[in-house]
Each structure stands twice: as C-alpha cells, then as structure tokens.
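Two complexes, one shared chain (chain A), two partners (chain B, chain C).
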Partner chain A sequence: MPKLSSRPPCVIELPPEPRAVSDNRRPRWVHRLAQEAGLFLAATMLGIAVILYCVVFLIAQRHLPGGFELTSTVNSTLPLVLAAVAQTLVVLTRGIDLSVGGVIDLTNGLAAITLDGSAWGHAGQPGTGSIGTMILGSLLVLAVGGVCGLINGLLVTLGRLQPILVTLATLSIFQGIAIRVLPQPGGAVPQGYTNLLANPNWPTSVLWLVALAVMWWMFRRTRFGVGVYAIGNDAAGAAAIGVPVASVRILAYVLGGVCSGAAGLFLAATATAGDATAGNTYTLTSIVAAVLGGVSLFGGRGSGIGAIFGAFVSSMIVNILFFAHIDPLYQSFYEGVFLIAAVVLVGGIGHLLRRRY
Partner chain B sequence: MASSAEPVMPGPETPVPTGQDAPLLLRLLGSPTRRRILYALLASIVLFAIGQAVRPGFASPSGIRAVLTIASFVGLVAAGQTFVILIGGIDLSVPWVLNGASILMVTSSLGSNARAIPALLLTLGMGTLVGMLNGAGIVLLGVPAVVMTLAMNGIMEGLTLGFSGGMTCAACGSYAPPVVQAAVHDSLFGIPTALLLWLVVIVLVSVVLSMTTFGRRTYAIGNSPRASFLAGVDVTTCTIGLYALSGLFSALAGIVLVGYGGQAALGMGDPYLFQSIAAVVIGGASILGGRGNYIGSAAGAISLVTLVSVLMAMNMPEYGRSIIYGVIILVLLLLYGREDAER
Partner chain C sequence: MAELDGVQAEPAIEGRGLSRSYGGVHALNDASMSAVAGEVHALVGENGAGKSTLIKILGGRTRADTGTVSVGGREVKFAGPDAAHRLGVWTVFQELTLLPWMSVAENLMIGREPRSRLGLIDRRGMERRAEDTLAALGAEHIDPLALVEDIPLSQRQTVEIVRAISYEPDILFLDEPTSSLVEREVVWLFGQIRRLRDRGTALVFTSHRWNEIRDIADRITVFRSGRNVGTFKELPEDDAVTLMTGRRLEALYPQRPPPPPAVPALALKSYNARGVRDVSLELRKGEILGLGGLAGHGHRELFFSLFGAEKMIAGTVEVGGKAVRIRNPREAMRHGIALVPEDRKTEGLLLAMSVRDNATLAVLRRLARFSILRHVRERQLAQGLIDRLRVRTPGLSNPVGALSGGNQQKVLLGRWLLAEPNIFLLYDVTRGVDVATKHEIYELIMRLAKEGRAIMLYSSDAEELAHLSHRVLVMREGRIAAELSGAELDAEIIVSAAVRDRIAT
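What follows is the complex of A and B.
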C-alpha cells in the first residue's frame, strides 16, 4: 500500500498546509477519548464494579476479597471473555454471531471426549489423558471452532445472506451436532489440563488474559485487523482502497470461531467435564459483554480489550448481586436494566464528546 | 391481499413483467414475495404428503387441524415480529413477554370466569406496555433494537421469575379460566376457534399493512427512516406503535397457549423466538425491512410447523431435528434470501 504521507516528487505547486484547520482541532486527548469513549467507559464501569464488589464482599464476609476470589472470578469468566472477543470480531465487520453458543456447545462436548483420548479408544482411566491426547484434542477442538466460523463466513460472504439469519440457522445445526457428539453431560477433562487452563489454586489464568490482550493488540496492528475495522465502517469504501473484503470478512468469522472453540475448551477445563448445552447462554451473554465493552453493533467501533472489560463487568454484576443478597430470581432483571443504562450512557457520552469539539 | 396495495404504493416489491408478453406462470405469480408465499405453501403440501407416507393419518383432516392449530401459535407471534421486521427491527423479547403474559393470565384470573375479562385486558395491556417501552428505548434513547429487546427479555425474565417466586407462588398453579380454555378448544363450523382467531388476525394485519396509512408508513420507514421522516412520517410514534403491536401479539399468543395447555410453565416461550423469526423470513420478508407481508409469514409458520411435525412423526431424535431445521432454513435462505451482488 503506498504511503499517503510521503509526498510524490512533483512539480505542481501544492496548496498551503491547512494550518488554520489543524489549530482549531480538538486536543489530542479529547480526540482519543471521543474515539475510544466506549473503552474508557467500560474501564470506568469495571473499576466501579470492582469497588462495589469489594464493599459488598467486605460487608457480607467481614474481610476483603483475596487471591481465592480473584482466581475463581478469572477462571469462571474466561469462557465469557473468549466468547465476547469472538462476538467482537464478527460485530466489528457489522455482523452478529448468534451461533457462538452453538459453537461453544459443540467444542465443549468435543473437548470432554478428546482431551483424555476416550474418543480414540484410549485405554487408560477416564480423565487421565497423556500430553499427546491433550495437545491433539485441543488442536482438534480449535480447528472445529474455526470450521464452524468458516461455514458462517462463507454463507455470509459468498451466499450473500444476512449474518443474523445465517448464524440463527447454524446455531440450530451446531447445537444438534453437539448433542450428537455428547448426548449426556459427562466425559472427563484430565486434571493436568484443568491446572494448565484454569488452575483452581493459583491465579495463573490471569496470564491467559494478558496473552489474549496482547494478541488483540497485535491483531489490531495487522493488515487484517485494519481491514476488519475498515469493513465495519464502510464495506464499499474498504473495497475501494484495496481491502479484500470477502476474505477479510471470512477470516474474521473463522477467527471468531476459533475464539469460541477456545471458550469451549476453557469451559470444559473449568467444569472438568463436558455438557453439550452448557454453551447456550453464551450467545446472549457474549453480545451483552461486547456491548458493555463499548463495541458498536453497527460495526467498525470498539475493541477486544473493551469486550474483555465488558465480560468482567457482567460477571462482577452477578457477584455483586449475590453478595448483596438480592434474590437470584431477579438477576436477569438487573442485568437487563444495567445493559440498557450502559448503552445509553456510552452512546450519550460519546455523542457529547464528539459534538463538543 | 398485497395486490390491492400495489397500484397505490409501488416500491417495496420489485415488479416482475406481468404484461401480455410475460410468460403465463410469471403473470400468475406476480411479485417475488407472492412467489415465496406459494413456495412456502407448496412446501407444506409436500411435507404433508411425506408425513402421510411415514405415518398414515398424518394428513387426515384431524391431523391437518392439529398441525394448523399449533402453527397458529407461531403465526400470532410472527404477526408482531412481521411488524417490527418490516421496519428493519427485530423483537428478541418475545420469549419472556409471552411467558410473562401466560403466567400473568393464570395468576390474575385464578381460573375463574368472572375474572377472565379483566385478566385478559391486564395481560394484553402488559404486553402492549412492554412493547411500547421497547419502541421508546429504540427510537428515543437510540439503543439498537437487538440490544433493547434483548435487555427487555432479561427484564421480563427477571420480573416473571421474581414475582412468581420461580413459579412457586400459590396462584401460579391456577388453571386458565374455563371460558378461555373453551374458546381455544371449541370449534365453529368444524374449524377450531384458535384457527378462526388466526384467520381474523391474518385479515386484520393484512388490511392494516396494505390498506391503511399506518401500513404504508411502516413500509416507508423500512425502506428509509430518514426519507420517510423528511416526507412527514412521524417515525417515532410509528416505531413505538409497531413495537407495541409486537408486544401485544406476544401477550395474545401467551394467552392462547395457556388456554390451549390449561396451565402456565416456565420456559414455554423459548421456542417461539426462533420460530417467529424463521417464519417471517421464510415468508419472504427482508430482515433489513421494507419488504414482505403477513400472508407470507403465516405461510412460513405453516410450513415450519409442518416440517417439525413431520420430523417428529418420523421419530427423528432431537439432534437430528435441530440439524435438519437449521439446514432447511439455510437452503430456503440461499434459494431466495440473498442480497444483490455489490459489484
């Protein structure tokens, strides 16, 4: 791609630099704040949620939350974090992926029978897989997730169908295959695998979060990452400046599928067993987490980092409601109210910041 | 039904050559939307034939009546879904509005005929109010329809579970008033009243959509909210009204369902979200709005429910049904739900 800033050695006299305009421009930090309003607001919400959580925890338990609470929160939120990142990848291209829950169902069920090698007739005790079966199983599960994403992506781009309809139909298909793979909840995940992905004793899973954030940071700086954002903002414009729209979009769905597959793995590792219906709720919660993280459903705006924040905000809300002794039956009510409030707030603040300058 | 609107309001449907030079078949079928209705109905006939082959008696009058009655529940929800999809929206709050309505119906009437009318009004009013809140959130607060109705589904779920104590309340076990049960189960001239109600709804909704200014405004907003606003359409009121209608129809479906089954249960609304959207889309409406009509959604509901019934008659296990269901919707979408190529 030619650099836009380097001026060609031409003889035509160039117009003067638009100094007057640039002087009137809003300060750099305001510009960033306006661009990333959702991300900053998600971080603020997370901060408030964590403080509130500490307060209700202190009142309920007479001490501050410590390492154990950190470990269990991160472990139980990681599948949602991955699902939210998967959703974000697709939503950024101005799509929506309702099949996230189905892919997690399928990969979770698959993980339960491949990680200990029982799918290949492994002779040992259930739940005692070797390193080989664990690596092979993980790769297979991630690949299946990617294939699910590929199917969605191909139907959306080559089939020229609306993402919401395609993923609604494939959700049903993936759920069906998942039940075929693992008819009853069960299977066993090797203890070593659980210790690696979601260690219940040490907060090592924080490292996975950091790795995910770093991967997003890298993705954002690749040609592919820029293309994803460009498509979300204006697909025709992106095509005009040379973004291979179809392949970038397909790749976004594939990567989303791989992330959903990873969510299925982490879910299996946390539960130490598989359940072909455990993923169903993730379709909705992944959308909620992405939206709370400042990802715009109209595409092109938001980030995976925001989605990570959003996932933690939603799991913090559940924790806060629990320790505040609010009837769990009302939980979805508060989540719904909070979701609307957050979206209105993000939209309102972003709008104000953009209009102010 | 749609034909009456076409001379007045060209636009939502791409006209097919229907003059003297067009082939006879095309002239008969008219617009692509009408062709899709025909496909959907043909599919149901084929499915009934398959069902009859698999299990004799499937396509008997009583068998057809049973399938159509179940289709009418999907059809009622699809009526509201059609309204909001026509303006490019979507209503994901169907499951718990329906479920909340059915539980409100039994708990407020306590199974007595004397309370039936107030309970009906209360339930329908609740559905309408929730729908209005959806519309207001979308059009006044600028929340995307997916998020707003998703959040509303959660709100209704929380309220329903909370107020009923997770269906443990004393009144939760009540039956629907005998009048309501009888109204759903009785038949008039050999046609079940549930089906008659659906017929009335089909006629009413079609008349509203194709012969009233409200209907024409709905299509206009679906094609371009901005242009319709500039042309003097009160987009705000219309949108709120359409979402209110969707809530009303979800509540109505909840009442009919509880009349059909006798008692309310948690989770009874869950299947209706997927099925109502699928029915509308199979019936030829564009998910982006501005194209489609209710006859199509009704035909879509019939073919969808027939498909499920045939699969069940074949003793297809749940996973197989789920897979075939998804595949068939994909095939239908690929047949006629495709966007135009960009370049």
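What follows is the complex of A and C.
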C-alpha cells in the first residue's frame, strides 16, 4: 500500500470561490418565472385567445363582445374550471383521475333531485325548493363527490393500484350509479339557485371564479398543499423528510372529488336541470385544460390557477372556431393541434428559463 | 489494531442483531452497531456490504426483518423517518431525497415553514429563514430561491446536509456525504462534523476515502457481507482493507506501463467550450493523461463537450490525426470515444432495467447481428463483465436500481468496456467505489493503456492522478495552468498547482 501523505491532500488554504455565486443571483421574479413557466404561458395563451376571440366576434357580429358574452362564457366554463382543478389536484400527486366525468354525472343527477327537495318528497312545484333544501342538497352533492374521491384515494393508496386503472374502473361505476339516480334527463333546479351560481344576467359566476382562485392560493400555502406538491416531486423523498404521504394522497383525491361535485352542481345550475350523462366529456376535457394550464402529467409541477386559465383557453378555442365558421366536424382536430402546440411551448419556454450549469 | 471491547459510555443509538433481506439477498445478516454521544463513528466496508441498509434501518426509513433498535437505552420501533426525527435522529441518505421542482428554501423548511397570522405559510418569511439557515451554517453561496433541479449536484448534497444539521440532531447519520462534494465543501462538512461532535452529537458516517476516515473518525466499524467484523479506535488502512475484503491487497496502485511513443489519438487545438478556455492538448495512444485541479474549473465541461453531450464553441478536435466534429454522443461513439461520468443516477444507468440490459446497452447494435445467438451472447458478455468487475448482484436480470451505489458504478463502467472504444474519457470513475474495486479499476485502466487505448482521466483524488497518469495537466479557470510529469507526479504538487494563482511553467 503506498504511503498516503500525512494530511488530506485538499486542506490547503484555498483561493476564493472561483465563481462568486452570490453576485450573479437571479432576481426573485426570474425564479418564479422558471418555477411557474406553465402558469405564465397559460396566462399569455389566454390573452392571445381572448384577443383572437374579440377579432372574430367583431367580424361576425359587427360589435365587440360585452358583459353578456363575458357572463355567459364564465357561466358555461365554470364546470370545466372546477373539473380542471379537480384533475390538477390528483395529477400533482403524479396520479390521474379518469373518474372526474363519472363523479360529475353522479353529482349532476343528484343535484337535479335534491336541490328542490324532490328526492325526499318535498311538496310543491318542482323546481321551487326552499333555502333549506338548497343548502342541504348542495352539501349532500359535495359530500358524495368527496366520498367518490375517498374511494379512489383509498384504492390507490392502500390497495397500491395504479391511479389510471382505479379511476377507469370507478368511472364506469359512478356512471352506473348516476343512471340509477336519474334514469332520464330531467329534474329541476330552483331558479334562485341558478341565479346564485350561474346568473345569466349578473356576473355572479365571476365571484365564484375569484373565490376559487383565492382558495387555491391559500391551499398552496398549507402543509397539505406543500405535501401534495412534495409527493408529486418524489414520494420517497417526501416520506424521508416526514410528509405523511398516504394521508396527503388520499386527501388530494377527496378534495378532487369535492371539486368534481361542485362542477356537477354548477353544471346543473347552468342547465337548470340534470342529466346523468352530461359529465362524461369532462374526463378528457379536464385533462386537456390542466395540461394547457401548464400542469405536468408527471406530477409536482403546475397550479390550479394555471388549470383555470387552461379551462378558459379551451372554451375560447371553441368560441373562436364557432365564430370563424369552422366546420364543427374539425373542431376536435383544431383543439388537438392547439393542445400539442401549447405543450411544446410550455416545455420549450421552461427549457429556456432554466439556468444551465 | 486495538479492538475495543465494552464501551464505557451508554450508546446514544444501538442496533442489535439486525437482519434484512431483499428477495434472496441478505443485505444485513445479524449485524450490530452502536454510536455514543460526542463521537464520529466511521462505517466502512465494500460496496454492497450493507452500510446503507443499516443506516436506513437506524434512520427509520426501512424496517429490519429481525433485530432491535434502541435510542438512549430505550427500544424503539420507527414507523417512518419522522418517528426517528422526533427522537433527534436525522439522516442524510446516500441517494438524495430533495424535491427537484421545489426551491431550495421549500426543501429546507418543509414541515417547519413560518406561518402568517392567517395560519398560512409565509413564503417570504420562509425564504428569509432559509437564507439565514444557509448563512448560519456557512453555505451562503447557495441561492435559496433556486430550484433544486437547477443547482449542481454538489450544492444539492450540501443542502441535504444543511437540512439535517439545522435540526441540531442528537444522532446524525451521513451516508457517503462526501461522494458528491467538491474539496471546499468537504472541508466545510468536516468543520460542521467537528462542531456537532463537540456539542455532543453522535455521528455515524460512511466513506470509501481512507484519508477522510483517518482524518475525522474516532472509531471505525468494519462491515463485511452484511455483518460487522469489528470496531476499532485505531486501524491502519492495510488492515482495514484485509478486514473488508477478507484478503490482503498487495498495493493499491498497480505498476504503470512505460510512456508510449508519440502517436496521437486525440488532439485539441485552442479548444473552447462553456467554462473551457483555449485548451490545447495531445493525448497519445496508450497514454494515461491525468487532468487535475479543483472542481468547477472546467474539467467537467471539457469532458462532456468532447463527448458531444455539451456544446463545443471553438477550436479543432482531431481523432487519430483527422479533424472531426462531434455534435452528440452518438457521433462521439462512432469516433471511438467513450465517456464514463461520475453521477450514475442521472447520467447513465436506467435504474429500472436489468443489470444485463444496462451492461450491454452500448453494444446492442453489434449484438443484433447474431439474432438467435444474441441472448446467449448478451448473457455471456454481461456475465464476463460482472465477474471481471466483481459486481455484487443476485443475478443478471435484477434491476440495477437495487444494487448498492458502488456496484451501480461498476455496471456503468463495464458498459463502456464492452463497447471497446479507443479513447476513454474517465470522469471521476472511482467515486463511491470501495478500495478493492478501485484496485481492479486501476488494473483495468493499465491494461487498456497497454492495449494501446488512450485514456483521459479526471479525478477529485489527487493521489489517484499521481499514481496512474503518465502526465498530469492541471486546469484552473478553464485553462491548462500546468503540465506535470516524471518526479512532479505527486499529489501535493498537483494540488498546489491547482490552487496557485500563477504557475511558472
């Protein structure tokens, strides 16, 4: 064995750090931009989409869209917004929730028969429920959404099953139950309820939207919120630093279920009636909206605010195609093209903002 | 060698009769170990001896199949790392646990974020506190706002260490903490270790670098094949190697072949890349050319850009006398250039794939011609490699991710050996590799040189450079600052050439 020098070879007075790292620190906003690249991009995309929409609207209608268009767009997009936030909660944990559509079916059907009290034999005209039945019905619907999420969460966490398989199966199950709850489209949502959630004449829905964004902002600043991001980043790493991975994951599914339930409520309020198949499309559109909003399907990156933007981008695309007189048959084709372009952009810009070592 | 029997002080943490197996592999086999307050206890052993497994059990990350753990004399059953944290037991695991897409501040403060009046996390306050924590522990060069994914590996390791230390633990496990630190940070870490020891922390750490162990350890426990073979106060390296491997190693560094004739294999003229400035050098066939210097002075960029994994900016590259352009690793491989990097987790291995697939990845195209015989041949090649490098794996079809850190490194090195390139760029390949395997890797390098292959070698261990190289080029701030050969091939000369501002050449 060769004799090793008596001191470790490196403990010689070292010169100052070659790259004075603290001098070239980047300002906070650059870091934020790098971390939330998807969110900023979604906001930009939404801006562009709104301008495009105004242009095609102006050409088609000879005037600019006004308060009515704003209200009706927000009213009709809110269910998708809620579904996208529900999807985001699960996707952030590196999961995916295919049952979103099924939960909306079920809660939408339930809303149609509980809000006016007809489910428990409330006497009187259909569609004229009291304040009591509306509150009770809403809470019941949200709770059912939460239970659906709980089932998903328990199967994924305790059953150690793949989220995609679990939620594919529960999607069918929830759809099946929804049909039992409301075999035919119908029921009636009290006018007062519609006025509160999705008033066609007053922008109440904008208030709900703001409330949702504020709730997300708060969620991100709770231990639970940090935990959701942490397990999406690296579940083993999160566990090693003491994040209760199993309960955080279950809770994320539960909260997602509640959001899907809220989507069912808003859908019923806008339609003023229920339909146990009206939610089916939301499984895919919620994923599209989340991705457009910069949420990474690999988990851990993205935000609910971005998903809200994403939902509006996709509904703007539909509006633009409508006013541009694009054959409805090509609609999904264009939606797909936009989606791919958005994903490429998010990836590319994120890459550019990265500091390279 | 003085073996200790009966420690006077009550152990702060103790594992008794611990066993743990994975499938058929006994990672730990009736192992025991204890650490007392105010000592630095080194855990040494070959790759796969079970050091990390023991630390994971004592740190609450894994359960033992049998055996008991006690903290402060009380038997405990850890439900998870946080249960250990509550008893003041913190661990820096061998594989890092930082969350990549979150900021340094979030990673440091997770679980103890400052709250605003509303009970919500105060992000600004969190960032300030992270900044203070980094500064208080002497790591103020790390930007608390940066995403973990965007900071270099050595800083990530530092953050991980800072996080554990900032809890002022009573018991601290450090599993190969120095393997991805640069020199300056090792000095920093040892300062922190001494400070913690003096305030009564029990520290357990593992390393494959003997000079570190000799420098800092108060006691040394040797592991072999999943059990401890003794705890010592003083242990010469030779004896440690014998205990770890079960055989005597004649000399760590084999005889180097005589300097080859000047037939160039690779020549660089005014070569520039990001962080590399005007480098001109010639690498001969059969030569082992060492590159020395402090980390962060352009070696990494030189190696990675030569391999086409980073952009080259200006200059010429000649392979075998012909000017070439290398734009990506595939072109580099076509010109017979191979790069073995040091960070196996992110830069090479497909952790979920089998040992065999990982080993034969670089030669798959060549194998494909044998169609039917291919599988047989693939097995043979992989098996030969496993035997030659003494990779400890239960079988060829086990996923690489389940091997111990050092054994993963051997598989990565082996992959390139199979590809038989003419020019090897070896970037700190012996990091985290045990002594016996180091010796084998050295012999392999010598053999490759004798076969006429050209080898460019960077190592963070100056001792290694001095003993293996025919010539050593010392880099400083991206330039070649000195060329050493003959009697100048000495670790101390290399290091002082690396730190001196101006070298009179």
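Observations
By definition in this document, the second predicted complex is superposed on the first by the 331 of 357 C-alpha atoms of A that agree within 3 Å, B and C clash if a C-alpha of one lies under 4 Å from a C-alpha of the other, contacts with A are read in each partner's own complex, and residues count from 1 in each chain.
As a convention for this text, contacts are C-beta pairs under 8 Å (C-beta built on N, C-alpha and C of every residue); 3 or more make two chains touch, one makes a residue touch a chain.
This one's a predicted model, so the numbers in the text were calculated from it and none came from an experiment.
Contacts of A:Ala236 after superposition: both chain B and chain C are touched.
Contacts of A:Gly300 after superposition: chain C is touched, whereas chain B is not reached. Contacts of A:Glu335 after superposition on the shared chain: chain B is touched, whereas chain C is not. Using the contact criterion defined above for the overlaid structures, shared-chain residue A:Glu69 touches neither chain B nor chain C, since it reaches no partner.
Once the two complexes are overlaid on the shared chain, A:Gly159 sits against chain B while remaining clear of chain C. The interface of chain A with chain B overlaps its interface with chain C at residues 236, 239.
Chain A contributes residues 1-2, 4-5, 8-15, 17-19, 21-22, 25-26, 28, 31, 34-35, 218, 221-223, 226, 229-230, 233-234, 236-244, 300-301, 354-355, 357 to its touches with chain C in the complex. The touching residues of chain A, counted against chain B in their complex, run 96, 155, 159-162, 164-166, 168-173, 175-180, 183, 235-236, 239, 284, 287-288, 291, 297-298, 327, 329-337, 339-340, 343-344, 347. The touching residues of chain C, counted against chain A in their complex, run 61, 80-82, 85, 91, 93, 96-103, 106-107, 110-111, 113, 118, 120-123, 140-143, 145-147, 150-152, 163, 183-184, 186-187, 210-212, 214-215, 237-238, 241, 249, 251-253, 294, 296-297, 461-463, 467, 477, 491-492, 494-496, 499, 501. By the touch criterion stated above, chain B contacts chain A in their complex at residues 90, 137, 141-144, 146-148, 150-159, 161-162, 165-166, 274, 277-278, 281, 287-288, 318-327, 329-330, 333-334, 337-343.
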